[in-house]
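Two complexes follow with subunit A in common, the first pairing it with subunit B and the second with subunit C.
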Partner chain A sequence: MPSNAHSLIGLNPDACTSCMICVRECPVWCIDLASHTHEVTEEGARRPKVVHVLDEFTIDFGACMYCGICVDVCPFDALAWSNETDQSAHSASGLVHGIDQLVKWFPASGS
Partner chain B sequence: MKQVPVEAWAAELAACRDAGYDVLDMIAGVDRSEWIEVIASVMRTSDAACELVATRLDSDHVIASITDVYAGASWYERELAEMFGVRIAGAHDERPLLRRTDEGAPILLKSTVLGARVLTPWPGDADASDDAKANRRRQRAVGVAEDWLVSDGGSHE
Partner chain C sequence: MTSARHYSVPGVPGLAVGVLDLGLACCSMEIGAAITAGLLVPADNTPSEAAVLLVSGTVTDAMAPAVLAAWNALPEPRRAVSFGACANTGGPYWDAPTVLKGIDQVIPIEVYVPGCPPRPEALIAGLAELVIR
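Let's turn to the complex of A and B:
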């Protein structure tokens, strides 16, 4: 398969800041994300800072057209093309994948 | 890109074919708001040369069929008819392309309200954090024109 082929998309949840950019840029609206905020006070900091914690992140591959816009727009390289090529499911809802699956598709560094 | 008046469309493409451009790559429509642009891309397999021919439909959205010039033109002409409301003059296949019927407004015209885009909740609308929601300006989804939304929030319920 050519190296620039578009296949499944993987997520690195540790790099994702829940910024919503990919969700808003996806032309077919097939990315969904839920997060919450909490405050952390770093040592020496005068004020606590608000951090987003990612709770859910799903891609509906039944609707995804593999355009790659989400991969391109993510400012934190939290989305990447996977080397995995094929997937099938018994129902349309089986093509919706959450963090548990997407993290497995995130290519290991260097690959 | 060769720009031709719409009356010369079929003749220009016939001239391309006679100049050895043996394959019709595609015909595309573009809604330029004031007019519809139609662009044909043709290829010459012997030297991989490409040529683009464009025309604009100003008031009458009618263009001559080129199915007798290029095999395969029919698919794109059906697309032009269905998605842009362009009438194809001359013998051609009038079956709808992707929709089951030809009812309803042409969906690739900018003036056509896409019902699903208005009725489906936009995932980007839910703010990343519930507590920060109040502070953020409401965002409009890409591809949803301002006047599609009757009142703020009303169409997202």
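Let's turn to the complex of A and C:
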């Protein structure tokens, strides 16, 4: 396969801020994201700030077009092309991958 | 089915049977790419000798009975492969009222090959999954 062939997409959950840009920009809406807010009080701060905590992030590769728009629009480089090639599954739900699997596909050096 | 053709798969020795290609949309172009690359070799089998139904492309409600008829015409043991996002889940058209949310709503699918379209290599890997199983 050529090295520039589109393949799987990996996620770095530590970089993800649950901003939902990838979810909204995905042409096929194959990304599912769930998060909750968490109040953080920093020392010396005038008021507590609210941060988003990522709970779930799934990509349905059964619908994914591998267009890479999510990779392009992510402001925090939390999504990146993986070196792994896509693989077929024995059920449609077997193509839906969550954080646990997407982390493994995030390239070590970033995209 | 004017688009129905039969192939052998040299890269998958255990898969000696023919592949009946049901190309319904642009994914079927990748079948042509696989032939050009020598991954699929057109064979002269009659339709009854095909045991693998390869469904690629968007399946509309109007087309679904034709797919089902092609499936029912295959002799046992028969197996079906879903090739591409449209056949897997409806793909970019999953929200359209006239498009099936995956061909597995109509026929039993053994292997789902992801991609829009999947590469020819992914097709061969998917067919190899049939043999491993």
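In the analysis below, the second predicted complex is superposed on the first by the 106 of 111 C-alpha atoms of A that agree within 3 Å, B and C clash if a C-alpha of one lies under 4 Å from a C-alpha of the other, contacts with A are read in each partner's own complex, and residues count from 1 in each chain.
One rule holds in what follows: contacts are C-beta pairs under 8 Å (C-beta built on N, C-alpha and C of every residue); 3 or more make two chains touch, one makes a residue touch a chain.
Keep in mind that this is a model prediction, so the values were computed, not measured.
Q: On the superposed three-chain arrangement, identify whether subunit B or subunit C touches more subunit A residues.
A: The partner making contact with more of subunit A's residues is C.
Q: Applying the touch criterion given at the start, work out whether A:18 contacts subunit B, subunit C, both or neither, answering first, second, both or neither.
A: A:18 sits against subunit B, while subunit C stays out of touch.
Q: In the superposed arrangement, does A:92 touch subunit B (first), subunit C (second), both or neither?
A: second
Q: Counting only touches as set out at the top, which of subunit B and subunit C does A:52 meet: first, second, both, neither?
A: Once the two structures are laid over each other on A, A:52 reaches subunit B alone.
Q: Tell me which partner A:37 touches in the superposition: subunit B (first), subunit C (second), both or neither.
A: In the superposition, A:37 contacts subunit B only.
Q: In the superposed arrangement, does A:27 touch subunit B (first), subunit C (second), both or neither?
A: So A:27 meets both subunit B and subunit C here.
Q: Which parts of subunit A are touched by subunit B and by subunit C alike?
A: 27, 29
Q: Provide the residue numbers of subunit C that touch subunit A in the complex, in ascending order.
A: Listed in rising order, the residues are 82, 85, 88-92, 94-95, 102, 104, 109-116, 118-119, 121-122, 125-126, 129, 133.
Q: Please output the residues of subunit A touching subunit C within their complex, sorted ascending.
A: Against subunit C, the touching part of subunit A is residues 1, 5, 27-29, 60-67, 85-92, 94-95.
Q: Per the contact definition, I'd like the list of subunit B residues that touch subunit A in the complex.
A: 120, 122-124, 126-132, 139, 141-143
Q: For subunit A, which residues count as touching subunit B in their complex?
A: Touching subunit B from subunit A are residues 18-20, 23-27, 29, 31-37, 50, 52.
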